[in-house]
Every structure is written in C-alpha cells, then in structure tokens.
Amino acid sequence: MRIRTFGRHLKEGTKNIVRNGWMTFAAVSAVTVTLLILGVFLVLAMNINHIAEVIENQVEITVELDLSIEESQISPIEDQIRNIDGVKSVVFVSKEEGLEQLKERFGEDAYLLEGLEEENPLNDIFIVKAYKPENIDYIAKEITKIDLVTGVDYGKTTVDKLFAVTRWIRHIGLIFVVGLSFTAMFLIANTIKITIYARKREIEIMKLVGATNWFIRWPFFVEGTLLGILGSLVPIVLIVFGYEFLLEKLNSNLTLSFFQLLPLYPLAYQISILLVSIGVFIGVWGSMMSVHRFLKI
Amino acid sequence: MNYMIEMFNVWKTYPNGVYALRGINIKIDKGEFVYVVGPSGAGKSTFIKLMYREERLTKGKIFVNGFNVERLKERQIPQLRRNIGVIFQDYRLLPNLNVYENVSFAMEVIEAPKKTIKKRVPEVLELVGLKDKMAALPNQLSGGEQQRVAIARALVNNPAVIIADEPTGNLDPETSWEIMELFEKINFRGTTIVMATHNKEIVDTMKKRVIVIKDGKVTRDEYRGGYSYED
Amino acid sequence: MNYMIEMFNVWKTYPNGVYALRGINIKIDKGEFVYVVGPSGAGKSTFIKLMYREERLTKGKIFVNGFNVERLKERQIPQLRRNIGVIFQDYRLLPNLNVYENVSFAMEVIEAPKKTIKKRVPEVLELVGLKDKMAALPNQLSGGEQQRVAIARALVNNPAVIIADEPTGNLDPETSWEIMELFEKINFRGTTIVMATHNKEIVDTMKKRVIVIKDGKVTRDEYRGGYSYED
Amino acid sequence: MRIRTFGRHLKEGTKNIVRNGWMTFAAVSAVTVTLLILGVFLVLAMNINHIAEVIENQVEITVELDLSIEESQISPIEDQIRNIDGVKSVVFVSKEEGLEQLKERFGEDAYLLEGLEEENPLNDIFIVKAYKPENIDYIAKEITKIDLVTGVDYGKTTVDKLFAVTRWIRHIGLIFVVGLSFTAMFLIANTIKITIYARKREIEIMKLVGATNWFIRWPFFVEGTLLGILGSLVPIVLIVFGYEFLLEKLNSNLTLSFFQLLPLYPLAYQISILLVSIGVFIGVWGSMMSVHRFLKI
C-alpha cells in the first residue's frame, strides 16, 4: 500500500463516521452504554476484591505459650516464628496485657473479672499475621511444632467460613465480569454488524468497481477504531469522576469510613486503558468480521 | 487468446432454477463494438454479469482480457475488474458519496496519483454533461443524471473493455446520442465495447455487430446488423 | 374543480438550491392521456412527484382528483395516493416481498377482500406478462421484469389516474408497445394517464397531448403533438 | 380496522420475523443477552436484599430488669412491652439462664466465672424482637419508660453501622438494577432502531403506495412483540435452571449453608413475568419509535 493510499483510508474512515451520522451515533451510543456498565462493574468487582482482601488480612494466629515459660525463652521462640515462610509480623502480648485487653472487651461487665490479677490464669501469647491469608493454615501448623507452644488458634471454623464467603464473592464477581465482558463484546459487535449490514450494497459496489478486499477494509478499520475511542470517552469520564465523588462522599461520612475503597489512582488509569482497549478492540474486530461477510463477491 | 472476450458453451442456472443462459458461444475481438439485444428477461444482463464475475457460470468457460474468469483466484478478481468499465443497469452509485467522489472512487481503487484524479474526474464529468452537479449526492439527481454518473465512472480509467447494460435507458434521445458518439470515439481509440440495449433507433442507425439473445440462447450474430430480432 | 390535475404557478426548489420547477401552470382533464417529455434533468420527475406529494412544492397550488395537495392533512394523504397509480422511475418494489405479494400489497392497503385480491393479482400479472414469475423476489428479476411488476402494481386497483415515470425505460420495443396498448385500453375506459417518457417512437406514433418541460418550465403543450422539443 | 386486516397484520408481522432472518437474529440475540444480564442481576439484587433483611431481623433489644424485682412483677412488664407497636416477640431470660448462656459463650474460659452462682451478679432480662428493624430505635425508647426497667441495650452503634451498610448495599443494588434496566431498554431499542432503519425505504414505499400509518405500524407491532418474547425465552430458561442448580449446590455444601437465598418459587415466576414484560415492552416501544421516524412522507 502506498502512503497516499494509507492517507486516503484514514480520511475516508473519518469521513464515514460523519457520513453515516445516524448509524454512527447508534453504534457509538451502544458502545458507550455497554462500556459504562462494564466499567462500573469492574470498579465494583475490584473494590469487592480489595475489601475481601482487607478482611482476610485481619485474620491472625494466637500462639499460647506454656505457663511456666521464662522471660529469656520468649525471644528465641519469636525468632523461630519469624523464620517461618510467609509470616508478616509477630507481636508479643504478656499475660498482664492480655488481662487488660480482656477487661476492655468486657466493658461494663469487667467487674466480673476483678480479683484475677493476683493469680492471672491467662497465658503469654504471640499474635502472628501472615502475608497471604491462604498461608495461615500452613503457618499455624509450623508453629505447633515449636517447643513450649501450648496452643495455636486462629478460629479455624470461623476463618474457613470467612474464606469460603470471600471466595464465593470473588467467584461470583469474576463470573459477572467475564460474563459482562463477553456480553459487551457481543452487543457491540452485534450493533456494528447491523450498521455495516446496511452498507452491504456499498461494499458490493466497491468490489465490483475493482477494489481489493484490503482497500475496502482499511476505512472500516479506521472507522472501527474511532467508534471504539468515541464510545469509551463518556464511560471513562463518568466512571472516573463518579468514583472520585463517591470516595469524597464516603470519606466525609463517618459511619461509612470503614468502607476501605481503592484509591482513585491508579484505578482511574487502569480503567481508562482497559475501556479504551476493549472499545477499540471490539470496534475493529466487529467491523472486520462483518465487512468480511460481504467481501465475497 | 487473441480475443477480448470468449465464451465456450456457457450455461447459467440461477439458484431458484431459472435457466438464464443455455449454451452461449461467442467471440468478441479487441476493439469491437457489439450490441446485445433481445426481449426483456432474455438473459442479456446475465450474459454481461458473467464477464466481470458478478455471477458465476454453471457450465462452460469464459475468457476476458486473457483471464480465465471462472478459475480466477480471489485476489485476481480486482485485476480483472480494473480492466473492465461496467455501466450497471441499475447504476449502483455509492449513496454516501457525491458525484465527484463516486467517479474518483474508481481511480482511487487503482491507486492513481491524486493529481491525475483531480484532473481526470472533472474532464469525464464534462464529457457526460454533469460538470455542474459534482457536489450532488446520487439521491439528489434525476434518473438520467445518475445514469450518466455511472457512465462517467466506467470511462474514467480508460479500461480495455466497456460493458454497458442499457446505458441510455433513462436518457432522452439527444443525450443518448451524445453518449453514443462518446462511445464511438472511445471505441475508435481501441476500446472494446459491449452494450446491451433496447434502443432500436440507435442500433439501426449506428450499424455495428448485433448479438441477439432470446431465451438464453444466441439466435443471431450479425455484423452491421439491425435491431429487429423477430424472424 | 372539473379537472383531474391542476397546477397554478408551481415552483419547486430543492433544499440544496436546485430550481427544479419554475412556474408551472397546467390543467389535465379527466380521461386525458398526456406525455411529459424533455431533456434529462428538466424537471419531469419532480413535476410528477408533486402530484402524489412525494415532494412538497415551494410555491403555488396543486389540485389532484379534487384534493388540494398542499393543504392535505396527514391522514388524508393515503386517500389521495389510493386514487393514483404511480409507476416510479426506479420501480420501488418491496425487496422482501415476491412479485405476487408486491402487487397484492397495494390491494391489501385499501382493505380489499381476500377473494378479490386472489382473483385480480394474477389477472394483472398476466397483462404485463409475468404470470410465471409470481414467486420471484425483485432481486431475482431482470430490469424489465421489475419495471413490469411496478406497472402491475400501479394498475391493480383501477385508480382514477395513472402517473408513470418512464415506464418503458428498461423494456424492449415489443414489450413497450404491449404496455402502451394496455395503457391506451385503460385510458379508453376513462383513466387519466400522465406519462413521462424519452421514447420518441412511442410519442410520435401514438399521438396524444404532449407537455414539454425544459429547465423547469413548460415550453410547449400540444394536443396530438410529436416528441421533438427542439425549436 | 376490519378483522381480515387484523389477521393480515398478524401474519405479516410473523412472516417478517422470518423474512428478515439475519436481522431478526441480530435483534433477538441482543434482547437475549441484555435480558440475561438484567435477569441475573435482578436475582442477585433480590437475594442481597433478602440476606440484608435476614441479618437486620437478627437485631434484638436486651431489656434489663431491676435486681430487686419479684417474680409476680415480671409478667405485667412483659405485657407492657408486648403492647408497644411493632414488637414481634418477647422472651424472658432469668438471671440463672443468663449465667448459663454466658458460660457457654466463654467456652474454654468458663472456669473464670466459677463461683458466681452463689451471688449471681446478673439481671433478669427480656430479649425483644421487632417486626421491622427500622422500628428498633422507637421500641427501645418506649421500653425505657417502663417501671423497674433499669437498662435497654441493642448495641446502638453496631446496629447503626450495620443498618448503614445494609442501606448502602441496597442503594447500590437499586442503582445497578435501575441503571441496568435503562441500559437494557436503550440497547434493545437501539438495536431494533438500526434494524428498522435498514427498512426505511420499505416503509417509504408502503406510504407512497397509499398505506396509512397504522397499516404500516401493525405488523411492526406484532414483530416487536414476537422479538421481545423470543428474546426473553433463553434468559428465562437459563436463569431459572441456573438458579435451581445454584440452590442445590449451596444446600449440599455445608460451609455455605448459612447463605439464606430466596426459594426458587415464586422467584422463578416473578423473574419470568418481569423479563417477558420488559422484552415485549421494549420490543414494541423500540419498533414503534423507529417506524415513526420514517412515516413522515
């Protein structure tokens, strides 16, 4: 292809966007609406995933030490725990601190525990956190093997339940995102197909006048790209500004500030790039697919 | 292989079972001027459509400008069509392009230089009398004007063959004659012309080779013949 | 109000600034047979399109079959059109309907009884010589066959006026004559016929009233005239 | 309109579905895919709402009675509470039962509470539930006014937080459902518009041949209805069977059995009726809208 021909295709593709005014509008708005839904859902899914992670990361292992333990034996045990793969932090809580915390948790009913200070029935403990929640189980088992450790507890049944829930939520989120992506692709490609179908005759005439397949395809390629870009502009703007607004609203509302949403950046960039790419990809793919059908003359 | 168009026992049956052509044998030399006449539905358009492979034949062989039309590979088809200027019975203008763009499209397809296009298109439009309609879209033209755009598009690349399917059907006699003179001039410069027509006056006045098709068969093939196909 | 068609100082300027008609005054009586001739782009089709309100006029007044065309209310338009059988220059067949359905559509529109439709449609198709093509779709027909379907559709309801825009442009002379005889017969039964045409032979042979339009003006209006419009 | 004409319109509308084969397919599949997404989301939103309700309904008020209370005074207080608007159930828990429950909750650490039986420091209490969680606040205030009631507690801050979360989740769900509904309507109408645009010329020809607007509209009306019905079949089948499958899977999986999803019926009927109605409504509306544009000749 000569350069002037390439220039011609660029120009024709752009002109066609204008020439097919109404059709372009219909196609672009289909892309817009579909990508908007997809984008909103992506942001939601990413945040649900993030929240699930935050919750999962709050899971910790309580390691009970023998009642007879000496102060000098504590530090080596801490080192041993630290050396286990995947351990993020180890915090020592003495039996005295433990009793204080228990009292705090009892609140009004703390008087029930009065008098326990003299002969503190609690153990010294370590609070252990993991880098990855899924390693908790392994770490707990490793800790059990350590001498002078009398108990290891992370609320196995509750945690298993929690993980089951977060896993399910993640799965559902993923299914939705994948499903929506395919739907978006299908709907956009479908719309583009119909708009091109209306130009079936045009394509046939071009071929009969001696145009090669690529000569016909190129302007459609340009058109598809532009369709995708045009169609992703509004969703990007709406989602980025809407998300910013949501974040502000959540931050200013105290009762809801425990909703730990993802920060605006880099989410905004990720979503923008993703939506433009999907838009352009489907725009081009849809155009090429449907033009293809009519080139066989 | 010295002929421009050769058909050997060509048959065409449409998918709905209509026998449009039934054993056509014809040879058209380079530089000839041929009228194709016959009653409505006789198979003239089908005969013409086979030459640039708009329709595929059912049986037989066709050679056009050295190409074996039926055996052509996908990517050779544009090569074949670029050597043929076709005037379609139903014009087939691109509805979104104006008169100028419709004609220049045919030149862009062969990747002609921009300068040449800019010079040549108005020239051809002048020849068919549409220089002042260059900016109009096809649906803003009268029937005859659309037909003349189709003629201009077929001529613009100076093809080796011009295939015209009733090119004067919607033209008044005077304009028809102007177009015919144009064809004669082009033919004189060596271009082969095949023209299906119902215009008795033209055929009888401008004596050329006449091929009569009736019921899908060639019933008469006469040099310097007249229109009438009644026996 | 005794005329079938009356035009008073009718002007038509298209949105793109083309002056298609410039002050037309014409009266066509009930039962008349009128040829409208003139060069390509003269305004014949525009003249015709105004009668059934495909195009709106820019200035002036038109009465057709007692309707003040310009003042018609939205829901009266179908009433006007049902009394006019139009043969369009570009046929305008419904692409998804076959030949039979295309013709019967015009009868369904006026809510004719099924029985009448079943009897009348084949009758009319016989008249135009298409009885064996009833099941074909428009794109499976030759140019001339499509034109004849358009003719059949215009005739099927026995309208008060038939408006024909080059009804023989794609027909061979023999078929053209058959159609003209059909028109003459219909005209003889009282139907008004307005027919734009380029067919010199027909106009000169079947002498009728001839209206010559040139550059959007009536330059000649002659009873039993000939085709030529050159002065 | 005569009856035979009505019959004709029915027949034509049905035939057009077949005649426009490819276009019909494109339109129906757009309806299908859009309604599928909408339906899945509706089911999800309805279940989220349901789960939120279940959680909210677990909120209860603890009413503490004076330590010096006599047995004979308990029943009148219970009656007073019962008489408050919106109270669903009142359960008496004596101080002895209370201590037992506390021990149970302490589990391993129950030994901490040993010896309390002699001089039980707990109060007798009522556990009060409300019909509507939003009435909790009002009921609690009313109970405070009753004699011999020394304390009313329903974890105000936690419950407020919980309600804020459930409210937000409901709002988000509602926004999504409304947004998706509009999107679905837009996408379907848009697709239908384009397919009808391809028939612009047909409509114009019909008008020029003398058809009235309604004569042209009726077959499109029939077509739109059929489009909607055809397009909602697949989503209904997929959603109903998919949901049944999900319910079975959840019920057989013990860790997940606390997910209290809505039962299959009447949900299946509701969704089916909703989807068909939306499909038909948009099908007809989209067709009518777009035909309208081309009737002006």
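Note that the chains take the letters A, B, C and D in the order they are written out, and that residue 1 is the start of every chain.
Please note the rule applied: contacts are C-beta pairs under 8 Å (C-beta built on N, C-alpha and C of every residue); 3 or more make two chains touch, one makes a residue touch a chain.
Remember, it's a predicted structure, so these values are computed and weren't measured experimentally.
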Separation of chain D from chain A in steps, with touching chains one step apart: 1
Separation of mean Cα positions, chain B and chain A [Å, integer]: 62
Approximate Å spacing (C-alpha centroids) for the pair chain B, chain D: 67
Separation of mean Cα positions, chain C and chain B [Å, integer]: 29
Chain contact topology (line, ring, star, complete or other): ring
Contact pairs between chains, per stated definition: A-B, A-D, B-C, C-D
Chain D - residues contacting chain C, complex: 2, 4-5, 8, 16, 19-20, 201-202, 205-213, 215, 297
Chain A to chain D touching residues, read off their complex: 22-23, 26, 29-30, 33-34, 36-37, 40, 44, 111-113, 116, 121, 160-161, 164-165, 168, 172, 176, 179-180, 183, 186-187, 190-191, 193-195, 197-198, 255-256, 258-259
In the complex, chain C residues that touch chain B: 14, 16, 18, 37-41, 44-45, 89-90, 136, 140-145, 148, 165-166, 169-176, 198, 200-201, 227, 230
Touching residues on chain B, where the partner in the complex is chain A: 52, 54, 74-75, 77-78, 81-82, 86, 88, 92-96, 105-106, 108-111, 113-114, 153
